[in-house]
Amino acid sequence: MLKIENLTVKYGVIPAVHNANLEVREGQIVALLGANGAGKTTILKTIMGILKPAEGNIYYQGESINFFSPPQRVKMGITLVPEGRGIFNRLSVEENLFLGAYHRSDKEEVEKDLNRIYTLFPRLQERKEQIAGTLSGGEQQMLALGRGLMSRPLLILLDEPSLGLAPLLVRELYSFIANIRKEGVTILLVEQNATMALKVCDYVYLLETGVVKVQGIAEEVWSREDVKKVYLGG
Amino acid sequence: MKKLLTVILAFLLVGGASLAYAQEAIKVGIVMGLTGPWASIDTPALNGIKLATEEINQAGGVLGRPIELKTVDTKADEGETVAAVIRLVENEKVCALIGYCDTHWVNIAAPLAREYGVPFITPGATHPRIPERTGAWLACFGDNAQAAAIAEYAINDLGLKKGAIWVDTAVDFSVAVCAYFADAMKHYGGEIAYEDYFETSWTDFSSMVARLKEYQDRGEVDFVYVGGIPGNCGLIVKQIREGGVTIPIFGEDGFDTPLLVETGGEYAEGVVFATHMSLEDPNPVVQQFKEAYEAMFGNPPENAFAALGYDTLKVLAKAIEIAGTDDPKSIPEGLSQIKDFQGVSGVISYKEGSQIPDKSVAIIEVKNGKFATIKQITPQYLPDPKIAK
Amino acid sequence: MTYFILEVEDLWKSFGGLTAVSGYQLKLPPDSVYGLIGPNGAGKTTIFNLISGIIKPTRGKIIFKGKDITFWRPDQVVALGLTRTFQNLRLFSSLTVEMNLKIASHLHARCNFWSSLFSFPSFFREEREIKKRVDYILEVFDLVPYREEVSSNLPYGLQRKLDIARALMTKPQLVLLDEPSAGMNTQEAEDLAELIRRIKEEFQLTLIIVEHRMSLVMGLAEVVQVIDYGSVIAMGSPEEVQNDPQVIEAYLGTGDVVA
Amino acid sequence: MRKINKFPELWFLVGGLILLVGVFLADHLLNRYLVHILILMGIYSITTVSLNLTNGYTGLFSLGHAAFMAIGAYTSTLLAFPIALREAYELPLLPSFLGGPEYSWPFFPALVAGGLLASIAALLIGAPVLRLRGHYLSVASLGFMVIVTTFAKTLRGITRGSMGINAIPSYTNIYWTYLWLFISVYVVWRIVNSRFGRAMLAIREDETAAQALGIYPMKYKLLSFAVGAFFAGVAGGLYAHFTKAIRPFEFSFFLTFQIVTMLIIGGMGTTSGPIVGAASLIALRYALKPVEEGLQIYGLIELIYATLLIVIMLWKPEGIMGKRHSRMS
Amino acid sequence: MFSLGYLLQQTMNGVVLGCIYALLALGMTVVYGILRLINFAHGALITLGAFFTYFILVRLGIPLVATIFLVLGFGGLMGLVLDIVAYRKLRGGPEVALLITSLGFYTFIENFMKMVVSPQPYAFKAPSYLTTIFRTSFLTFRTIDLFIIGASIAIMWCFHLFIKKTKMGIAMRAIAENLEVASIMGIEINRVISVAFVLGSALAAFTGFMWGAKYGQISYDMGFLTGVKAFVAVVVGGVGSVPGAMVGGVILGLAEILSTAFLPTYFSEYRDGIVFAILILVLLVRPSGIMGVKEEVRV
């Protein structure tokens, strides 16, 4: 579904991602793991079109999308749930959700999806008139996820969804992620919380300083020692 | 530094080219604010000057030489004004300067001309302290005359005693004319209820109108005297009337503009103001001037400043003739000898030692959208010029 | 009683309703290297911001060299000998390397305004001294060839180095390094560790290092504090901490998935 | 090359001599109109050079520069106004501690006094306003400018109100102007190359980082504001004694925007930018004047001016002398 | 000393003037909130709008309702042109470049207008149904005053609804808050910004029409000071806030009128000084304006 070939991304002169190759198959959850500064977020932003690749190609459903703008990519079914949630603090919960469906013109369906999100996250319904900036961290993450789903994505890119959440909330969150997958959405997940990610995902890429170091099926990778090493050092 | 030198060089070239000039024509420098807030009176004045030049040249010129105008637009900017005077005197070697219908600009340009020993005549700047301060000559009456004329008319003819004064503090002439008016009112036994202040740039006068209405309703004022300029007199009159004020409105020569009726509309009816002359005057001199002006510019003269400009150049030409030379040093001598010169804007003669002509003041009332002359007044009492700043 | 160069007591900071630092404590002996680790968003950088005076705590006390600096301005804190680097590299990006360093000599230039204007000898003497120190620092950090380079044009690794070099221009005793190796590759990071070790000796520094790259912290730090949710969850030697189950959980998360 | 670079003061000495010769030649060879334009360039250059210190080097985008010019212009005018003319223009006599009714100041001390008063005003207004950032600072300084012009209008006993003061003695000549231009360039250059200027650069680049290196931003912001104001005040004084008439209206939006435009067109934060900007825009204005008069389209200059402004901003937003920095966001 | 009628009359004067400022501020605040652009060209659009209505309403006598729509369309078109010609290219560039460009546009339009319509002011003869005078024992006012207040409130309300309820309005607020995240929501940034320009400029042109109808005289340079004051209203009210623009505008209008109405006449000239002193005070006490949202300072 998504294929990245020889991707190099630079900030000015500084390469953040180096020659990365990865692939996401339809219906999978693929995790992109690695320490801070490893280039995970950069890869997601490049897939979304916010950053321009210095080299390499991104194929989505067999088509190169290198020259597509972010809105075009959204229309093609890619959605990014940004790191730190990136919700609009000054907008209400419902407006945030509504923006997720910005490119859609099927009003009734949007309304239906809205209700679906509310049943998925009842707490959002309780607070739908509230300004999003006043939500708690967990609620904001729910909102960001819900907003991502409102665009009816085929591929959803999750950037550190567990960041700053209490363990209990993290667990809750992951059960949602598992649910989303059941509905047929493909997921590319960037995580620091490796244990959690490895439990739900099918395939794993491990990044270190912009380079893919390890890849493999989740269970296999989990048992390997280098995973721990990347995180906790020698 | 290198850049600066290049620039200097460039200027040497430009300057050199403009130095060449023709010998035979008599050069007269014109400085006017053709852009900016004074454009609406300076432009007609310039047109009047052009018309007069055209006529003189058609008739064979002065001393057998044609008159050539060197006109600079100074854009209502002090730096440009100084630059223009220097350029006209230094580069163009003009024999005299004519310029501006507002006192402020004369106050800048004329002293500089005096330094060069070049006479400066203003068509329409009416501050009576101009000669004292700048050495310039006026082709029009002083503000003290027009203020006294209105005071005389209001008190003696209409019996109105309690006036309010609106002063535009941003222009010298308005401040001056209002001070003379207050003085003349006192002289004739009237009183000033209060003075209110505004600035040229204002558009909204509603708070002042409301105050005036308050005074009117309490019976504390009989009339209001407004020191407006052409750009805002229509606005002021309209707002005063719309605000429910019914007492008479008096103005000065700044009111002499078509905008008074155009903007004021029906509300301008009955407004009385003092000015240099009336273009409705049946006097053949005036009517001929009107026709010639319309023939040349496609529209009738906008206001009295057109006539003043016309007269100014004619006066200058006459002075050159009297002096018999266009030497700037001799022109003032010629000017001082002008007596009973019949101009479009009235009879001009300079009294001994005075650079302000004795002219009568036309009192004009707006009737049916037209300016109608009520009377010509030569004020019996002239406030001391020193009263005003 | 032992002397501590820096003591932090019961430090709290909340932004709006969010508590970023809750009851952080530290007693730092002089001439030591402490590591500060913890997952993303644990509050490490906030702690640095609090100590260096860039933000003010909600509650708590910070004592440096026996002085209570809790509510001092950052420049006052630096003047006392405590400086820091930034996680997101705040170099003066349109200025040259030399200029970046010269700016940092600010605290130790005493020349007054008038002698600066009119070239009194004291000005030249001082400028020469500054230049000497810049030369020396450039030497130590192997940055000599890049002296005239605009700092934003340097390779990333060198920018990181410059950031530390710049901090040292202020002649500090205590340096807070905020993720010095972020964005470096393994080789560069190893070199950096070596460099940090070297400058610690050379300049007799006390260091606190916030770092994600475990190998670096483990190699350098004598004592490691692990932060999560704004407070210390573990503290000890690198080995102890590495095997602490609480730490592993903080980093890798619990293995307990509901779905 | 190296040797000279070691003593850049030498450059200044040489440059100063060349300037002196140039000014002398200009004064004697050129006609007064061209000298007039050169003086105007000089005065505007002083203001842009001083504005460059605040806006370009310290990164405080102030729009209040005309206010400092106004303060300098009024101060020096009032001090140096000839006793003999005071009565004709209804100007007050100097209070006794400033010289009394018998004495009007010579030009130089009057200019310096104007500059100093502008500096003091800068310190007073800067202390609260310089806390603001970005556009808020710009707007607040613009407000300060309006307030200064308001005072110039309303303190009629001193300033003659909106009508302004006329017949100011024409002390400003090309020597004074270029002497002060030289001084201002020299001072700004010295500041920029000392720890004070380095602190200002640091504040422009990153205030937080500057503070973390021991620089107290407020102090240097104020210093930069005050020094900039000093030269603006001096330039205002030169301007007043050059145009020989001032009124509050002059020192308002138009002047402020004109100076800022010159600086930006020339290139902020560069040594030569402000002078190039001021000189080229004034040169353009006067070069176009004959064209405008020839075609009798008054207002053409402004039209070309504006077009040029837009074109430069679109294609070279860092100004004529500016360098493009690739900045990381 | 002052009668009740006087107090009421002056307050009404202030409110009417304030509504004009408010409408201008509204157009500016939308653009400024998104782009951080102090759009001086906004002032020029007042002039353009006023002359446009002068020619179609006064000269051609097109009915009022049609005029309103035409002037809105005209203003919008001009805004679109400005955006496409210059502002779009400068997006993401230095703020000062944007500022100077907008100043350049102002100068250009003003001088262009001067050439086209001459430097003389024009009398703007509004249809009589707009200038009918009503006199009560307390107040004297005209239809146009009511029209201005009514139109301002109506437009403000529509705008409020637009910003709050419509897709485009929500998108605008999203862009103002975070451009990058907005783009990954699938919002076409350029299009939305253009719409903001079009709306703001349409409002400016419409204000020009109201200005002309209220005062009866228009000139090529009428827009500048008004534009600057509208920006002051934006900052006082709080950048990016629709009710803030209204509050800021009315405060400004009241400050102007009441300061001349209740201080001794000698203080009239302090009017602009007072307005800007209020601005500085508001900035110092509440840097984000009365209704503004505090901007986050990130360390």
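Order of writing sets the labels: A, B, C, D and E. Residues in every chain begin at 1.
As a convention for this text, a residue touches a chain if its C-beta (ideal position, glycine included) is under 8 Å from a C-beta of that chain, and two chains touch if they have at least 3 such contacts.
What you are looking at is a predicted structure, and each value in this text was computed from that prediction instead of being measured.
**Student:** Among the chains, which is located farthest from chain A on the basis of C-alpha centroids?
**Tutor:** Of all chains, B has its centre farthest from that of chain A.
**Student:** Based on the averaged CA atom positions, which chain is farthest from chain E?
**Tutor:** Comparing chain centres, C lies farthest from chain E.
**Student:** Could you please state the distance in Å, as a whole number, between where the Cα atoms of chain B are centred and where those of chain E are centred?
**Tutor:** Once rounded, the distance between the two centres reads 36 Å.
**Student:** At what distance in angstrom does the C-alpha mean of chain E lie from that of chain C?
**Tutor:** The answer is 49 Å.
**Student:** For chain D and chain E, what's the span in angstrom between their mean Cα positions?
**Tutor:** Inter-chain centre distance comes to 32 Å.
**Student:** Roughly how far is chain A from chain B, centre to centre by C-alpha average, rounded to an integer in Å?
**Tutor:** 76
**Student:** Enumerate the residues of chain E that touch no fewer than two other chains.
**Tutor:** Chain E, residues with two or more chain partners: 114, 119, 225, 269, 299.
**Student:** Residue numbers in chain A touching 2 or more other chains?
**Tutor:** 12
**Student:** Among all residues of chain C, which ones touch two or more of the remaining chains?
**Tutor:** Residues 54, 152-153 of chain C each touch two or more of the other chains.
**Student:** Quick one: which bits of chain D touch chain B in the complex? Just the residue numbers, please.
**Tutor:** Residue list for chain D touching chain B: 15, 18-19, 22, 26, 29-34, 36-38, 40-41, 88-90, 153, 160-164, 166-167, 170, 239, 242-247, 249-250, 272, 275-276, 279-280, 283, 286-287, 289-290, 292-293, 298-299.
**Student:** Which residues of chain C touch chain A once you look at their complex with the stated criterion?
**Tutor:** 18, 39-41, 152-156, 159, 179, 182-186, 212-218, 229, 242, 248, 251-259
**Student:** Can you list the chain D residues touching chain E in their complex?
**Tutor:** Against chain E, the touching part of chain D is residues 61, 128-129, 131-132, 134-136, 138-140, 142-144, 146-147, 149-151, 153-154, 161-162, 208, 253, 257, 260-261, 264, 268, 297, 299-300, 302-303, 305-307, 309-310, 313-314, 317-318.
**Student:** Can you list the residues on chain E that touch chain B in the complex?
**Tutor:** 2-3, 5-6, 9-10, 13-14, 16-17, 114, 118-125, 131, 133, 135, 140, 142, 211, 215-217, 219, 222, 225, 256-258, 260-261, 265-266, 268-269
**Student:** Taking the complex as given, what residues does chain A use to touch chain E?
**Tutor:** Residues 48, 50, 69-71, 74-75, 79-80, 82, 86-91, 95, 98-100, 102-103, 147, 151.
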